[in-house]
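In what comes next, chain A is part of two complexes: it sits with chain B in the first one and with chain C in the second one.
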Partner chain A sequence: MSESKFETALDLVTRVPGVRGAMLVSAADGVVVAEALMDEMKGNAVAALAASLAGRLRRAVEGAGRGAPRFVQLTGSEGTLLAAPWGEEVLLVAVADRSVNAGLARLEMFRALEILA
Partner chain B sequence: MSDDIKTLTAQLAADPASLVFLPLGETLRRRGQLDAAQKVALQGLGRYPELPDAHDLFARILTDRADFERAFDEWDMALRLDPHHAGAHKGLGFLYFKAGRAAEALAHLEAALVEAPDDPSLQHAAARVRDALGDQAPPPAPAPAPAPAPAPVEEDDAAQRAAIFQGLEGAENGLLLVDTQGLRLGGGLRAPEGGDVADLVAAHLAGVSREAARTAKLLGLGAWQAVALEAPGGHAALLPASSEALLLVVRDTSVPMGRVQVAAERAARAARAWLESLT
Partner chain C sequence: MRAVEPWVVAPLEAFLHESQAKLCLLMTTAGQVIAQHGFVRAVDVMGVAALGAGIVASTGELARTLSWPPFGMVVHQGPQQAHLLASFDTPRGRWIALVVFGTDTSLGLVQLFLEQLVQDLAAAAPAAPAPQPVLAADFERELNSSLRTLFGS
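And then the complex of A and B:
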């Protein structure tokens, strides 16, 4: 996988107004694979927290017999975290302001996954 | 207040961004001032969510409070940030040993010893666990993860559980109210093929509310309000019904995600009213 492909995919997501950063994260251990974040964002923390939460949610949804989630959105009072798996081992994660158009961000994340595929 | 605590407190006040919260929190913990230690640790974690030592400190405080489940989560997070963190391996070794899972305990203690081979407390702990493993014949079956046991299901309970969401779509299948211990409070949930999965899913959701709250807080997203999930077999929404309860709504994929969230908000109001009626 070329660096430029990662960059192109992440750029698609970060161009959405309100998205503060996007990254590819190892789902198993929360390690950063590639990132495009605003300066003040803490990539390691985003990666570790997103991977941990996604893992818990995955177990719950699979327990309900619905399969592994293809998209997850955590909404907070001041922002939102979006995650979509790229295969079994990697998560595409985005952090955005509360004002973000989450529907648009979701679509761009799926487009980014197509680029990576 | 002792001199060292005074000194460290003054240093932290002079430079709130410094890492002096680590020795201050640890000193307070050792003195048994757990409320103050926790306050210091959480402030430090808020500033340095990516710092493994901050998670390690908070985990030690939680252990002193006998909140082992949350301590496990914090040490687990420390290892995600630094897979070689000796303190986190040591802490997890302690928790696994306490849970009767000596093999896992030894694996963590040995990992800690690789990082801190001269630590006499680690050497002693590892030797003790090796002894325990040697005494086990036959070895015990692996203990289950610290998920709570499902609540016993009785016929009368089924009607009561559905009654919480009376009048709402999915009162008996698709709406689930669980407590922080992973026990079902109300509602029901079936897999697409018909099997009752309510208690299993409730157990899996035990730590989700706390994890969502922690993630939102540490990433500067504010208070967590909802989680939306899309899966091949359904759409789901999770909401905090209270500080002690979590609501899950599941619909099939023909129901748009937006409608699932509307249904979740409506069910959360019903759940809150029911919870308030209990107090």
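And then the complex of A and C:
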């Protein structure tokens, strides 16, 4: 996997209006693999917590007999966290503010995963 | 969890709760144990503390030889559990944290909450007592007191 492929995939997501950052995270470790974040964002904290959340959601959804989740959207009062697994080892995470078009962001995240595949 | 310094207890308990670490050892860079969680036998703690301090010292020397800045963290990751060694500054000098964790948490979470532990320790540390002359009798008494605190025997 070339560095430019990561950058192209993350750029696709961060170009969506309202998205404040995107990163690829090691799902098991919760550690950042590649990131394109606004300066003030704590990438390591977002990566660790998003990977933990995605792992727990995965176990819950699989426990309910619904297979592995393909997309996670968590909406807060100040913004939205979006996550899409790339295989079992990597997670594409985007952090967006309230104004984001979540549907468009979701579409671009799936396109980004196709670039990475 | 047992600690020689009582002010360490609350920050360390918060760290253990959040990070879901299995074992944790806080020690000075000389290998003197400040607090421990999860160890049952004194001999294990003494050995692990000595090895942990040795690893931090040797990786620090490796970095110095290569003209790199000192390593902040060393992680050994296995299939079922991992351990992390990190050295950091506190108001009481440079300390080392050795954390063993399993698959119910992650390296990212342990790192994240370790950063919080460092901040919490800095905030909780009382003013250092004035240095006293070290007497042989005091040394032995304090050593025995520390061992009783850490292992309850």
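Just so it is clear, the second predicted complex is superposed on the first by the 117 of 117 C-alpha atoms of A that agree within 3 Å, B and C clash if a C-alpha of one lies under 4 Å from a C-alpha of the other, contacts with A are read in each partner's own complex, and residues count from 1 in each chain.
The rule is short, and it goes like this: a contact is a pair of C-beta atoms (placed from the backbone, for glycine too) under 8 Å apart; a residue touches a chain by one contact, two chains touch by 3 or more.
Treat the numbers as computed from the prediction; the structure is a model and nothing was measured.
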Where does A:Val33 make contact in the superposed view: on chain B (first), on chain C (second), on both, or on neither?
-> neither
A:Asn44 contacts which: chain B (first), chain C (second), both, neither?
-> both
Contacts of A:Gln73 with chain B and chain C, given as first, second, both or neither | first
The answer to whether chain B or chain C touches more of chain A is B
Does chain B (first) or chain C (second) touch A:Val61, or do both, or does neither?
-> first
Chain B and chain C footprints on chain A, overlapping residues | 29-30, 44-45, 48-49, 51-52
Hey, which residues of chain C end up touching chain A in the complex?
-> 77, 103, 105-109, 111-112
Chain A contacts chain B in the complex at 29-30, 42-46, 48-53, 56-57, 59-61, 63-81, 95, 98
Can you name the residues of chain A that touch chain C in the complex?
-> 25-26, 28-31, 44-45, 47-49, 51-52, 55
In the complex, the residues of chain B that touch chain A are 49-50, 76-77, 80-81, 83, 189, 191-193, 195, 197, 200-201, 204-205, 207-208, 211-212, 214-216, 218-234, 236, 238, 248, 250
